[in-house]
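Please go over the structures that come below.
Common to both upcoming complexes is chain A, partnered first by chain B, then by chain C.
And now, the complex of A and B:
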């Protein structure tokens, strides 16, 4: 982007130049027309032509000078901005790292209205540091009214100003902006909802926990539940909650009327974050009528590395599910059942029509200790289905339980 | 000659954001670390490593050009297998798989931005203590190796 400053001047000059040229060319065209119809002598036409050319050249020269001047001043301004950023960064770091309570920061001499570089510097630092140092920097923003200004911009009619404000509040993570950001989750524009939920999640991650539906976590849960967000956006926002994610995910899973798409996101995120203490909540979705959700629940249990006792029956049922990707995920999760329960239930999976199910079943069995490896080895040698034998051999090789020379001797595998 | 006092440790900071580099330098200085070098150009990280021989590297993951993973990959050949050189990752990327990938690529610890100063300093201190314990044990391990 070559034009960063002086939008108004640029627009005005461009308008003036092209307006001037349009008028001149219009006069020329009309003169030609009149010349044809009323026999105007060529000399005045030439005069108009010359004037037009001269004016065009002057206008282009003016535009050229403006562009050159613009680039020159822009680079000067950029350099100055970077210098100012450095100056303010040093100043804010000094302030953030000193052992002064946030309330006493008001005593330090500062301009009443912070320049742009000062605000940019403090926001950049708030992206990096939290805790006492972050609180001191937030106090600076509050003292100079930057928080109020950003909140006002959140209601701006200009989308750019609004998005800038959301981005800045996302960096600043100001608790006083939390509810305003949540209210934007109902905004008709997806980009606003997306940026707002990220900013709100980041803010919640730094807020003091308050249990209950009226607390910030509860308000976030309700706003997320009602928001129309893409799955990836919702998942990202849940990851941004950091240590607060568990409480919000638990609240969301407890919602009886949680939408299927959000439930899928919650199950995925719980698994990705490895929140093992939530296996019980995850298990409740293993019997969901939607196969995508059943599969997500088993995938999450696999990632959590645990299958609660009351989910064992549904897992064993799922190994015979009519949908193959549910059988795949259930097979993976079965690696966390007791071997004596899992092995007989997984063995039929070796002969499944789906290559993925065969692979998942064999891999899960190989993870079930010596008994599991012995069962896979037996399948490699004696299973009536060649596809099952091949898969068993492959898994044993990958697990290091079979050397390649021995694999060649296994019947049915060349 | 190896440095054995944690506060004398050589610390290399690699982060493309100047603000982050300055902040980390100040935090380390304030905590008494006197031997800190930094760069905002990840391409210089390997050369700086060769020249400075750091005891600890603070590394950002997402950088233009060479990212943190590529830097770790290039450093891998230079770090002897019997050396414990801690790499502490500082990143805003909160995805668990990124954390796993970084740790398996050679990082020893992981701090998410925005970070808490106390937490970062504690992690740095722990990593350096481990580094120096390892350095102290090295001659013994070497003589044991020769004996066997």
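And now, the complex of A and C:
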């Protein structure tokens, strides 16, 4: 959304202009106040006013010329950069698809220092190209010292340069940058931590698995545990692990001192990734004393589409939990119990005080095959509570099990 | 006799002028820094794609209150239904429309009436009918009795199913990724309760299938000045307040809220013309009183396109309403002024809005009067007066130019060089007449606050077809004026 070319310079120019203007306005205000004795429009004060006016006009001219210049150069540069990107992308694709072993790519005729467009093109390709082809392109980056340059920028004092380097390394997914990225999870600036954890997760996803706490997965797990990250960011990083996520999530759930927040994240991620073989581990949190964690566990089971047998009792208990959002998630998960167990347990939910529980219960019943739909239909017609009847009708309509015209004829619903 | 008070007032004006401009400069700088660091780098295109692919999002209910919007409603709803977002519902609430709004919706989206089991979290005017689209399962339309925009939003909230909701004006269009970019902030910050997006004028743009695909400068200077005004307000002012966690305004045209937080605070207030600002102030108050951590942010990235007035009469009404809304909200929450219980909000943001926003037209007009009268009576040297007015104008131009500069760094900037230069020129000439015209209207509005409470005034809409250039899109069909 934002053009990065020249933006940092523009920010510096603006800071300089407004810094100078602040001083000018300060001097002017003081002069006004000190000029009380000789009159506000006295000659000395007027002189300061004139000087301030001149400085503001100069600032205006400077900013104006900068912007005009930027308009011209950026338009030319944009055109040129796009052309160069096309040229380099084509060249990189050719190189990636060659049969030449990665080690011999060093002999390819290339400029010693790659131009910006060449680096941008290879980084964009690396976002999508993996396997041997990806390794070839990474070899090119190493050959031209781009990896070393990015690692150097990772320690830059300029925040923008550092963020640019993190993003580039996130795209390149270079194993040699993994530990440097992990070390940034302790950085005092949240924006650096957030970008670094994403880049590190993306890199880990392409690294060769090594078991144990000293392996990359183990190092990532420990870094994540110690990092101060928002739940959403931690979750996003775990999702970025792709096929490596299962092992890391399992390790995290097995940690005895795992904090509640990170446990919640792990449960959410397991559900979102649909790691059905982890249903057993997830089920152990269904009896957790924290209702947020109980709800997260049921939500995960619902997403995984299975409820292990040893979690059935806790699920049936949770349908009567005192916390409504736990009842909601338990109702959703109950759709994966056998119909003969689930239907009698879900039916009272239709008359629950909470609209959300009524909806979840009706929706879960409607998913339990013909018996479930029949139960909801019966509830739509005969349930003593009008709110329950209305909800049953709505769910039947949404499931396509009831015609809108027929819905208006259902008793008490209009 | 008048000499002493006039002299004192002169000093007040000078300090006011310096203070205001220093604050503007500060907001410009912090706003720009946030743009460069966070939005240009952290929320890049690549990371957004990852977000979409990895299923990290919170589903959203999009509420569209509509009153007599027959011109633009179908185009707006089409553009919303085409959003790039995995899970969302669009709830259009026709607030007792007296024109063809409902008929157009029924025809365009094959609406079928059906009963609806809605919650009654918030009281509203009676709902007459609820419809669901047979072609778009995520579109729900509510036809209710007239109760005002806030009431319509509350009715929509009663139906909303998802944890987040976006309030979008019926005459606006969202960028395809707007919701995705805004919801991302909620993923990253669990204390976030509301996010305001950037609004940009639609006038002159090329619209294809309900999407703004290319920008072009509108032909009228009136519209060009508003482009600059919007850039100044959003890219500098709001970005600055947001940085200091004191954002008081989220535009009614597009804001994203956490549903439970808004319900907890009591929903939208009926009977005001600035339900958007009022809600934000109330959210601040609510969470500060509870002592619960929360955050309300502005984000420059999710961009919403809106039709800005093309004639002076409509512009006057709009600005009059905005100013009355500001005053109404500040008055309603006057207990926050200089109240340390509300922290920096009570001690800085609210006083700023009282003195530098609500009362600014009065101060500006009195400044003009004093300069002219002073110069004519010999109380102020005409040369001094001229220099001072010139300084004020130059400073205003500097801020406008900065806003025009920020526009330059948007990837969807005006592609034609001529348009970009016109925008720079507009920064210079908006100070000749246009600004004074608006100051006059706002001054008038200040005195009308007690008499026109809750009155919206009729807005003349032309629809995207009239203000933008349509290209093969079903949403817009008429030629550009």
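By our rule, the second predicted complex is superposed on the first by the 290 of 414 C-alpha atoms of A that agree within 3 Å, B and C clash if a C-alpha of one lies under 4 Å from a C-alpha of the other, contacts with A are read in each partner's own complex, and residues count from 1 in each chain.
We adopt the following convention: a residue touches a chain if its C-beta (ideal position, glycine included) is under 8 Å from a C-beta of that chain, and two chains touch if they have at least 3 such contacts.
Remember, it's a predicted structure, so these values are computed and weren't measured experimentally.
Annotation for chain A, partner touching more residues between chain B and chain C: C. After overlaying the two complexes on the shared chain, residue contacts for A:121 are found with chain B alone; chain C is out of touch. Of the two partner chains placed by the overlay, neither chain B nor chain C lies in contact with A:84. Applying the stated contact rule after C-alpha superposition, one finds that A:228 touches neither chain B nor chain C. Contacts of A:71 after superposition on the shared chain: chain C is touched, whereas chain B is not.
When the shared chain is aligned, chain B and chain C each come close enough to touch A:272. Of the two partner chains, neither chain B nor chain C is touched by A:284.
In the superposed model, A:191 makes contact with chain C only, not with chain B. With both structures placed on the common chain, the touch criterion links A:239 to chain B and to chain C. In the three-chain superposition model, chain A touches both chain B and chain C at residues 127, 239-240, 272. Those residues of chain A that touch chain B in the complex are listed here as 85-86, 89-90, 93-94, 97, 121, 124-134, 173, 206, 239-240, 242, 272-274.
Every residue of chain B that touches chain A in the complex is listed here, in rising order: 17-20, 22-23, 26-27, 30, 92, 94-97, 112-119. For chain C in complex with chain A, the residues that touch the partner chain are 7, 10-11, 14-15, 18, 21-22, 25-26, 28-29, 32-33, 35-47, 50-51, 54-56, 112-117, 119, 132, 181, 186-190, 301, 303, 380-381, 383-384, 387-388, 390-391, 394-395, 397-398, 401-402, 404-405, 408-413, 417, 420-421, 424. Note for the complex: chain A touches chain C at residues 1-4, 6-8, 10-11, 14-15, 17-18, 21-22, 25-26, 28-29, 32-33, 36, 40-41, 46, 49-50, 52-53, 56-57, 59-60, 63-64, 66-68, 70-72, 74-75, 127, 159-160, 163-164, 167, 170-171, 191, 194-195, 198, 202, 230-233, 235-236, 239-240, 272, 355, 358-359, 387, 390-391, 393-394, 397, 404, 407-408, 410, 413-414.
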